[in-house]
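Each of the two complexes below includes chain A, the first together with chain B, the second together with chain C.
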Partner chain A sequence: MDTSLLFSGFIFGLSIGSIYFLMAIGLSLCFGLMRVISLDQLLYYSVGAYIAYSVSLATGSFGLGLIAAVAVGGVVSLAIERMVFRRIYERDLTFSMITSFGVLLGGVGVIKFFWGLVPRPVPLPFSAQVDLLGTDVPAYRLLVVAVAAAVYIGIWLFLNRTVTGKAIRAGIESVEHVEGLGINVARLFTTTFVIAGTLSALAGALHAPLIMVDPHMGLEVLAFVFMVVIIGGLGSIKGTLVSAFIVGQVVSIGSLIYAPLAQVAPFVIMLLILLVKPTGLYGSALLKK
Partner chain B sequence: MSIELLKASHVTKRFGALAAVNDVSYTLREHEVAGIIGSNGAGKTTFFNLLTGLYTPDSGSIHYRGTDITRDTPQQRVAHGVMRTFQLTSTFDNLTVIDNLVLAFFRAHRKSSLLQLFLNTCKQHRNNDKIAEVLETFDLRDLRDREVRNLSLGEKRRLEIAMTMLAEPKVLLLDEPLAGLAESEIQAVLAILRRQVGQQTILIVEHKLSHVKEFLQRLTVMHEGRIIAEGGYEECMNHPEVRRSYWQIDVDAEAAAQAAP
Partner chain C sequence: MNRGPTLRKAWAWWWGILLAFMLIAGMRLVLPLPFVNEILIFSIYAIGCSFLLGKVGFISFGQPAYLAVGAYATAFYLFYFGTNPYIGILWGLAAGCAAALLVGPLFVRLRSDYFALVNLALAVIVFYLMQKVLAPITKGDNGLWFLTNMTSTPVLDITQPQQFFIFAFLVGLVVWAFYKYLDDTIFGACCLATKINEDKLQFLGYSNFRIRLAAFVIANTTTALAGSLYAVYLGAVSPEITAPSRTADPVIVILLGGVGTLYGPIVGSVAYTGMKDVISKLIGNWEMVIGPLLVIIMLAGEKGIWGTLEPWLKNVLFRRRNTAADDRDEAR
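Moving on, here comes the complex of A and B:
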């Protein structure tokens, strides 16, 4: 195969993996700390994409669209955490899964009401190509990768350097004991949830110019994001990064080899990894409980 | 008479048909060191959980210095100064010793804004005087940067008590602080407790009575969710109900044997 084609496939995979990473990290943190499966993260992803679409259409600035998407994603996730999740943290995992799926479906309905059923295109903010190792690579895809890398570093610093981050890590071990120290666990939950929602909205906004924005876009990536979380191990940030990279590459390189592989190969990889390590690549500590 | 610090009045907690704590009234006075004993399932830990807010009682009330805290969350009770340790240590394995202490210290001494949540780094607090003092007192200085998962149970227990002390609690509830420790580790924990007598209000649940009886000012015996005896150590140990249910001595047969010519 042509190496230049392979290289652009690699970059394509990196950008897809970056989007998956931004979405999966929120799901993973929510499970790790609050023990909820927050399927509504996929709603914030769609909301992010639509806000980016509308604001960039109205103002002509994709940058403004991106900022608005992140802000709206944060506000919507805060509202849903307060109205819905506060009441169900104590319930079973399956309960949160069903409720959040309900929120997702309801949210899709709201999106349809405001924006209709027709898929909308979001123009690329810049169509420049960068020459990388002799291959022309779309600069926007590199931007997506750079944002994901910056988010990873930011989240890492937050969890490893700040008191709140350490409290979240401590809470992943035992919420009861963190509460015993007098730390406001409800606030810790809200902070984590809003971080998750904001990152999902950021993922949606960044993804928008690469796809058509449509009401079911969240449901379309659902399987892939779940795969990333499962392969990486629930609650592990590093695992999420590694597995997002793997899934992104498998989708991208797989489609170069044989198009239908893009859909099948990630599932095969997930099954293989689960056979060898049922807790995912980095998830062992959490599943002991 | 010293002040009534923590007071439970007719507290009941049921799990299904089982009344784990059944109509218990209990008062802890300032600077008192009191103990609760009872066989497994007597309701001691449930009672602790009611005092610290992990459970809410089905009936009855809990007051701290006369303020009703029955419906307060654990976090609100810690803000009042009611803190506890757990039967299984409540330290955080994935963090270092110093970061465990920073977490405990931070909550007790700061009211943070949302922005500070993201700006307060652990590094800023690591060299705090108070934390340095606790590291010294609890003989944890050499373990400062170790991950807690690599500590022995005795070291973890010392760290756990150090964490609660950092928060300067008004009432300290210790749930089996000596459980699972080797003799040398027991002595280390006892030395720490001995220093607190007279300065700190402590309620302690412990099976190893021989170790703690020297500084217990009052003992309470629980059985099947109720208090069956209360008073000095000897008084409780000789109480017929305690001999029957805790030591499982057949008191009636004993009395009959004594009465026999």
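Moving on, here comes the complex of A and C:
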């Protein structure tokens, strides 16, 4: 196969993988610390995309749209955390899964109410091509990859160098001990949830120019994001990074070989990995307390 | 007094199911036929999921996968090979059973959360298989249309909507009797035990794996049956029935109705289909109502409509009976 085609496929896969990674990291943190499966992350993703669309349409600046999307994503996730999740941390996983699906569905309804059913296009902020190893690569996709890399480094520093981050990591091991040390666990949960929501909104805003923005966009990536989380293992940041990379490449390179493969192949890989290791690549056998 | 004890026992066993289905038959008189048919099929669709979640503790976001397996097996038969819808339905049942047996041993080993997500993935795989990969056979998004291929059958002509209603009604009756029977058997008790305390069940000498596998196969064969009924009723099948945005339909229905209760799926189907119908006529935006409703139901104690009504109804209807029996039932 043509190497330049393969290379641009690789970059395409990296950018898709970056989007998945940004969303999956929030899901993974929520699961690791609070033991909830938060399907409503997909709502913040859609909200982020729509806010980016509206703000960049009104002001003409995509950068402003991005900032507004992240801010609104954070506020919405904070509100949802206070209203709904606060009451369900103690319950089992199934419970949070269904409740958050209700939140997601309601949110889709609200989006439909404000923006209507019609898919909206978001213009690319810059359509420049960068010459990389003799191949023309869209600069925007490189930006997406760069943002994801920056977020990974930021999250790593946050988890390893700050007190709150260390408390979160300790909480993933044992919440009781963290509470015993006098750390406000409720606030820790809120912080984690808002971080997750913000990152999902960022992912949505970044993804918006690459696809059409429509009310069901969250449900469309749902399966892929969960695949990333499952392959990587629930609750592991490193696993999420690795599996986001794998899934992105499989989607992108797979579609170069045989178009329908792009959608099915990742699921087949996921089934195979789960057969060998039922908790995912880096997942621990952590159970509900 | 004059009735024999066996007859009375039989009546006590059957009366709930008969009453529920009498109400459905009553709905047939006042509501439009397509609506009632939809409710019947949807309740059969949902009871498999209800059984898995309520009795075995497995939540499945992938029920549409098995629905599609049943529907497509029926569709393939009626489109390419035969004309008799009854045989088509049998094929759907067989295919559903085979599919469940194929993936069951892999899936039931997983923890409940992974189980839900893997099933979700399976539904998406089936969707893309039917939409893209197998497009030469399934005709992709256009779907298979075979309404005119089906020949009239002698006794009960299920190609006619009126007579299809009678057939679906009878099938529903049998399915409910079967699930009520399951509840009473040792197998039903084992299912509940594997949900509540699997270590203890193992200690008693039962295999958790086998019980879960059997429950999984039973539930998903029922779901495939609903798929076949859909196929015959609509005379067409398209990948739309397993679309990713519809994966949670049965879960919502059983939560609305009440998880693990016998009549929850029926109540849920009526409420869900009805609400979707009414709301989409009024504001064309049913998610905005269903979503928060789901959250409220969960926060209010996840009992659902029937789960809340059942103890109350029992109280009102049978106040004279000894309350001990009521308490026992409620505790269940």
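What to note about this one:
Assume the second predicted complex is superposed on the first by the 284 of 289 C-alpha atoms of A that agree within 3 Å, B and C clash if a C-alpha of one lies under 4 Å from a C-alpha of the other, contacts with A are read in each partner's own complex, and residues count from 1 in each chain.
The definition used in the following text is that a residue touches a chain if its C-beta (ideal position, glycine included) is under 8 Å from a C-beta of that chain, and two chains touch if they have at least 3 such contacts.
Please read these numbers as outputs of a predicted model, since none were measured by experiment.
In the three-chain model built by superposing on chain A, chain B fits alongside chain C with no clash. Within the superposed three-chain model, A:Leu275 lies in touch with chain C and out of touch with chain B [touch as defined at top].
Shared-chain residue A:Glu176: touches chain B; no touch with chain C.
Of the two partner chains, neither chain B nor chain C is touched by A:Ile237. By the touch criterion defined above, A:Gly106 reaches chain C but does not reach chain B. Judged by the touch definition given at the top, the superposed model places A:Phe158 against chain B, while chain C stays out of reach. By the touch criterion defined above, A:Ile19 reaches neither chain B nor chain C.
Rounded to the nearest 10, the angle made at the CA centre of chain A by the CA centres of chain B and chain C in the overlaid structures is 90 degrees. When the two complexes are superposed, the chain touching more residues of chain A, out of chain B and chain C, is C.
Touch criterion met: A:Asn184 reaches chain B, while chain C stays clear of it.
Contacts of A:Ile168 after superposition on the shared chain: neither chain B nor chain C is touched. Of all Cα pairs linking chain B with chain C in the superposition, the shortest spans 13 Å. Counting contacts as defined above, no chain A residue meets chain B in one complex and chain C in the other.
The touching residues of chain C, when paired with chain A in their complex, are 53, 59, 106, 109-114, 116-118, 120-122, 124-125, 128-129, 132-133, 135, 244-245, 248, 251-252, 255, 285-295, 297-299, 302.
Residues 37, 84, 87-88, 93-95, 97-99, 101-110, 112-113, 216, 219-220, 222-223, 226-227, 229-230, 234, 259-260, 263-264, 267-268, 270-271, 274-275, 278-279, 287 of chain A are the ones touching chain C in the complex. In the complex of the two chains, the chain B residues touching chain A come out as 52, 54, 73-75, 78-79, 83-84, 86, 90-95, 99-100, 102-104, 106-108, 114, 117-123, 125, 163, 167.
Note for the complex: chain A touches chain B at residues 158, 161-164, 166-167, 169-170, 172-174, 176-185, 191, 285.
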